[in-house]
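Structures are listed in the sections that come next.
Each of the next two complexes has chain A plus one more chain, namely chain B in the first and chain C in the second.
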Partner chain A sequence: MSQFIIRRLLQMIPTLIGISIIVFIISQLVPGDYITATQNPNMTAERADQLRAIYGLDKPPVQQYFVWVKNMLTGNLGESFQHKMPVTEVISTYVWNSFVIAFVSSLLSWIIAAFVGVFSAQYQYSWFDKMVTLLVFLCMSLPSFFIGLLAIKYLALDLKLFPIGGMTTAGLNAGGWAYIKDVAQHMLLPVTVLTVLSVGSLTRYFRTGMLEVIRQDYIRTARAKGLKEHTVIFKHAFRNALLPAITLLGLELPTLFGGAMILEQVFTWPGIGQIYLASLNMRDYPLMLGFTMFLAVLTLIGNLISDILYGVADPRIRLK
Partner chain B sequence: MKKRLSLMLVTLMAFGSILAACGGNEEAAPAAAPTENSTTGETGAEESAATEEVNKANGIIEATDMSMNPATATSRTDTIVVGMTAPQGIFNPLFYTTAYDNYVNQVVFSAMMKVKADGTYENDLAESIDISEDNLTYTFHIRDDAQFSDGTPVTANDYLFTMKVYMDATYDGPSDPLSWNIVGSEEYNKGTSSEIPGIKVIDDKTVEVTVSEYSAITLPELSIYVLPEAYYGKDYKQGDVTSVKALNAEPVGSGPYKLTGYTPGQEVNFEANENYYGGTPKTPKLIYRTTTDNTNMAMLQSGETDLDNVTVSEDNVEELQGLGFVEMHVLPNLGYGYIGMNNESPLFSDKKVRQALTYGLNRAEVVEAIYGPYAEVINIPESTVSWAYTEEDINPYEYDPEQAKALLEEAGWVEGSDGIREKDGKKFKINFSATADNPVIDALIPIMTENYRELGIELVTETLDFNAIMENVKAENYEMFFAAWGLTPDPDSTVYISEGAQNNNNYSNPEVDKLMKEGKKELDLEKRKAIYADVYKLLNEDMPAIFLYQRTNMNAINGRLDGWDISSYKEFTYSLDTVTMEAQ
Partner chain C sequence: MEQPLNRTEQLQEQLKLVKVESPWKIAFRRFARNKLAVIGLTILVLMFLLCFIGPLFSPYTLMQTNIPGKNQAPNATHWLGTDKLGRDILLRMMLAGRISLTVGIVATAIAVAIGVTLGAVAGFYRKFADTLIMRIADIFLALPSLPILITLGAILSDLKVNPSQRIYFLMLIIGVLGWVSLARLVRSQILTLREQEFMQATEALGLRDNRKIFRHLMPNTIPIIIVSATLGVAGAIITESALSFLGLGVVPPTPSWGNMINAANNLVDFRKRPWIWIPPGFCILITVTAINLIGDGLRDALDPKMKTR
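Take a look at the complex of A and B:
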């Protein structure tokens, strides 16, 4: 097993090099740079040249690439043009805020989707299944900013059940439990909306997975033995229905840290999503490239984790 | 193999958003314009957004019913909460890039001079400023009682230190300090000298600055915000400003408030600076809280914020008026929207064609469609509130398709068999580069297409990312586009001079070049007024770009706060320390 992991980790190196090259080339092909994006009406050509020299944008692309890679190897992702501080610091400032809501909402969606999916598979074409299917498609098709704004209007502004936006109450200098409680309160609305949006597709996965499993012979055998339906579903079928979901679990890793661009904007949540989006608009290359590489590494690790989990869960495909 | 593929997809998707997500936002551009490259000047006649409810003189719509103020606001007696877009945490007047970071800087730091409501300047940190006969030497006398918030006095050495950071080779802020022409700054920048001989510290409170070449904006340029050397200079070495930038999130300055806490993306907390020489601020606490376009009205309504910048539209104004307790300050935005044309393209090289395109476009209808009554059609590239603004001998180019057709005929563009005008066998077909998701474009294109079809001109639009359009503009590979410029209080600019770095329209008129140079060198305001009036007359006639509109901004303020002195030039931040809270 450890040999497998080491081999996979080594394989990640050429993949990462490939990714870095592709990502860098695309960034070079994108028109404009930070200096043109700032749109400063007083910028003279000389000052623009000075700035390009300070940022290293005047060097040929190949040289820029190697400088970037060399710095990356030492853990230095460069300094963000916009934020005037190291990229790693920018990311660590905002990424955890995104992680908190993404983690809680993923947890909720997985739990809800697992149960709802299993039940609607068990009672396929029943009234319950049809209602769930309708709801699921409804949720999946609604644009996130729309539900977000609607929720703010009715739940926060009219009914005053939740705070309107932000992560904490302004001017609250609380620590410890009071702080956690305050953040939790502010989280409720964004987490609910995120969960509603993501639970739909997951439910369909679980439903399909379950439907495939309960048609198999061993389930029929279990039923023929006279086992209770409950035992058949949860003890025999459910575990096998979970297998395909493991792949999804691995891919979930980058989304936990990637931030939700639109919803963060709607709920004024100080997450990394909007920061990343701004870096694209402003052509803040160090931040844009640095965060993309960060996501790429997480994707690779996510893949590795799901492969390992596969082996753990399913003896048939355990690698030797 | 499959996994590789999915990995590639994820990477490509993450990057695809670069191309998809870059809706060039015109609002972003003026926000970044630094306010300190500005100059002395007197106000012109103030003309505000034209609705009946707006008090014409100052653009204020008063609060009507303070009893509707929510308890959340009325119970907050020691704190003002300002809602705004999140700053980026660059709380240093030398390095900030967004207007929101600047709002922080304006209350934490203070400069030699500060702007007044009419766009002129008054002494702030400086008690008096002497200017030599030849306009090359400027002597600043710093106030005796000026202290930083940590209690140390503001000295001439602090000024010198701040200038050194500006002149440093690694300085990457928005200003262009070498263009201030301070004697010896070039050598300091290159590292060949460790001192700047042009800045002489006479004594603790007096500093003398000599420039090799002066202009009308030299004084405001030299009137910089001062950083305390003892705090920022600890680890500074010539050629590396990293240690100064490292303190961006923990600023110390001589302004009315001191920063006590910053939570990125959420809020900035301030407390009154009891050492402030202008008198301890009336409200002991100040909070800048992050809001967005989606939440700012809701936050005002619930009383969670006291002030916010709300997009001016009839709906918004009506809704805020309905709340009763909100006072609105509607102010002309320092900037204007224009339709850029490549003056070197055979289509637009004749000024008759450019005039025809202006006559032939119903600009009033376009502006009405976008901003309702809260924007004005402009005919010169200057703010209506600037001292340089003029309407004398300015052609208003009222919508007149017949005039436009006549001008096109004169220019040799005659109608072909298919109704499209032709000249030398070439059809009059304009390629318009448009950005997606821009309300101006959405309103402009349909009207423009229709108007120009009537003239016998075909308009073809292609949708591009804003940065891509600007790249094409720089490469002179374009015909027409829409964009907006920010304006500084001083009319000097590089947009309409032949060699100007920002000459997006490839416009060239030697007479304008000459006048712009003269205007920059002239210090007498009346003479400058005359020079710029001539410039604007020429620009109005040449129409290097179709000048479209000047829109308005709005500060919506909870009526419990009184005593604001806000204008296009003097932002709300300058009033925060003096406004009083109504006793509830």
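Take a look at the complex of A and C:
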């Protein structure tokens, strides 16, 4: 097992190099830099050149790339122009805001998907199953920003059931429970929308998994023994239907820490995704590049975890 | 005396008794039996008619502004109302549909062309070509596509690309980022197909490699290509609309469903004039759902074994 992990980690290196080159080339295509993006009217050409020298923007691109990579290897993603602090610090400040909504919505969608998927498989072709199938397709086809806007317009603005956006009520200076309650209220709508968006494909996964399991011989045996249907489904079939899904847990990693860029923007949730979109307008290269690499690493580690869990779920698969 | 039939002739006799149906006919029958898929196809056809034929019946034109008649709620002359420049929303929505559908289809065509070619080359030549292509595929797979698309969209804005040419760049970008999954599917199919007897026959006939690939191997991968391409169009439409919503995809004056929803960024339009941004949103939702239903129906119809999820 440890050999497998080491080999996979080594395989990541060329992939990461490839990604870093692509990301860097794209960033070089961007016309204008941070100095021009700030549009400071008092900026003289001299001062601008000085600043470029300070930030290393005057060096040739190849050199800039190697400096960037060397710093990355020492855990230094550079200094965010806009936030005036290290990129790693910007990420670690805002990533938890993203994590909170992503975690709650993942949890919810897993629970809902498991139960709905299993029931709809058990009563295959019933009206419940057909409804679920249709809803699953709708959920999988929702454009995130549109459904977010609809929710804000009708549920938050018109019906005033939820706060309109943000993470806390403006001017609220509470601590402790009052603060948590306030954040929880602001979370409700983004979490609901995120859950709706991710629950569709998961439900489909669980439904197919369950359908495969209940066709197996041991389920027939369980029924033939005269077990109650309830016992057959929940004690014998359910667990085995859930098992293959644990490989998906690894793939959740980028979702949990990567931020839901567009939805955070729509809900003005101060997560890392929204910060990323803002950094783009300011041409804050270190942050843009650093965050993209951060996401790529998360994806690679997620894939690795998923492969390891694959072996855990099914011991017949030998990891080599 | 009558000669006893030899083995081959016996088999031929038996075959005549079996009603022979082409695989495509069987697939069509299976598809037609799938109610949801047929509904999806009907909706999609209607949507195409609306977007491509509908504007011909509109009394308005795309750039025709009418400042005194701005911000009208839906009424008898403007069925879906007008926007802040007095332009007819219904007409804009239909023309936006042309753009969004075209971008989705062309972007997917690009992704399919790249994916099928690279997948076939990797699967057919194996060894070095395979390693190289699959390494590149790994890179693209781990590349966070949304940040990349957003950055590239911003670059297009900064380079002041003409809005009418911008659409082509957009198709290219979405296409180039979307080939990986299909390349992997095609590769794995070709890896198994190339070991089968009919490929030995092509070897014996001394066919050239590109004939083997394009005439003998690729036709066998058409079912997965069709399914993957159909679902790909749905994804590309969503991607385009999200980018256009952020102002980084198709930009005004060219209308697209996504950039029409961009009006919702204006608080007054968002709150008081939902007719401006809600109809295009529903167009995206309906179209993408319809395409997903068709894709799923095709998957079941073309190859029931392919259904892994």
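We adopt the following convention: the second predicted complex is superposed on the first by the 248 of 320 C-alpha atoms of A that agree within 3 Å, B and C clash if a C-alpha of one lies under 4 Å from a C-alpha of the other, contacts with A are read in each partner's own complex, and residues count from 1 in each chain.
Keep in mind that, in the parts below, a residue touches a chain if its C-beta (ideal position, glycine included) is under 8 Å from a C-beta of that chain, and two chains touch if they have at least 3 such contacts.
Note that the structure is predicted; figures quoted are calculated from it, not measured.
**Q** For A:A156 in the superposed arrangement: first (chain B), second (chain C), both or neither?
**A** First partner only, chain B.
**Q** For A:P31 in the superposed arrangement: first (chain B), second (chain C), both or neither?
**A** Both partners.
**Q** Could you look at A:L108 and tell me whether it touches chain B, chain C, both or neither (first, second, both, neither)?
**A** neither
**Q** Once the two complexes are aligned on chain A, which partner has more residues of chain A within touching range, chain B or chain C?
**A** Between chain B and chain C, B touches the greater number of residues in chain A.
**Q** Touch check for A:L280: first (chain B), second (chain C), both, or neither?
**A** Both chain B and chain C are touched by A:L280.
**Q** Give one of first, second, both or neither to describe whether A:N303 is in contact with chain B, with chain C, with both, or with none.
**A** After superposing on A, A:N303 lies in contact with both chain B and chain C.
**Q** Once the structures are superposed on A, label A:A48 by its partner contacts, choosing first (chain B), second (chain C), both or neither.
**A** A:A48: touches chain B, not chain C.
**Q** Check whether A:S144 is in contact with chain B, with chain C, with both or with neither, and answer first, second, both or neither.
**A** It touches chain C, and chain B stays clear.
**Q** Between chain B (first) and chain C (second), which, if any, makes contact with A:G165: first, second, both or neither?
**A** Only chain B is touched by A:G165; chain C is not.
**Q** Contacts for A:L295 in the overlay, against chain B (first) and chain C (second): which applies, first, second, both or neither?
**A** Touch status of A:L295: both partners.
**Q** Which parts of chain A are in contact with chain B and also with chain C?
**A** Correct list for chain A: 15, 19, 22-23, 26-27, 30-32, 145, 149, 153, 157, 254, 261, 265, 277, 280-281, 288, 292, 295-296, 299-300, 303.
**Q** Spell out the part of chain A that touches chain C in their complex, as residue ranges.
**A** Residue list for chain A touching chain C: 14-15, 18-19, 22-23, 26-27, 29-32, 133-134, 137-138, 140-146, 149-150, 153, 157, 201, 204-205, 208, 254, 258, 261-262, 265, 276-277, 280-281, 288, 291-292, 295-296, 299-300, 303.
**Q** Over in the complex, which chain A residues touch chain B? Could you list them?
**A** Against chain B, the touching part of chain A is residues 15, 19, 22-23, 26-27, 30-32, 36-48, 50-51, 54-55, 81-85, 93-94, 97, 145, 148-149, 152-153, 156-157, 164-168, 170-171, 173, 251, 254, 261, 265-271, 275, 277, 280-281, 283, 288, 292, 295-296, 299-300, 303.
**Q** Considering only the defined contacts, which chain C positions touch chain A in the complex?
**A** Of all residues in chain C, those touching chain A are 36, 135-136, 138-139, 141-144, 146-148, 150-152, 154-155, 158-159, 234, 238, 241-242, 245-246, 258, 261, 264, 270-271, 274, 277-278, 281, 284-285, 288-289, 291-293, 296, 307-309.
**Q** Considering the complex alone, what residue numbers of chain B touch chain A?
**A** It is residues 3-4, 6-7, 10-12, 14-15, 17-19, 21-25, 28-29, 32-34, 37, 79, 81, 86, 88-90, 95, 97, 169-172, 174, 176, 178-179, 245-246, 248, 261, 263-267, 269, 285, 287, 289-292, 294-295, 298-299, 301-302, 304-305, 465, 467-468, 470-472, 474, 485-488, 493-495, 501-502 of chain B that touch chain A.
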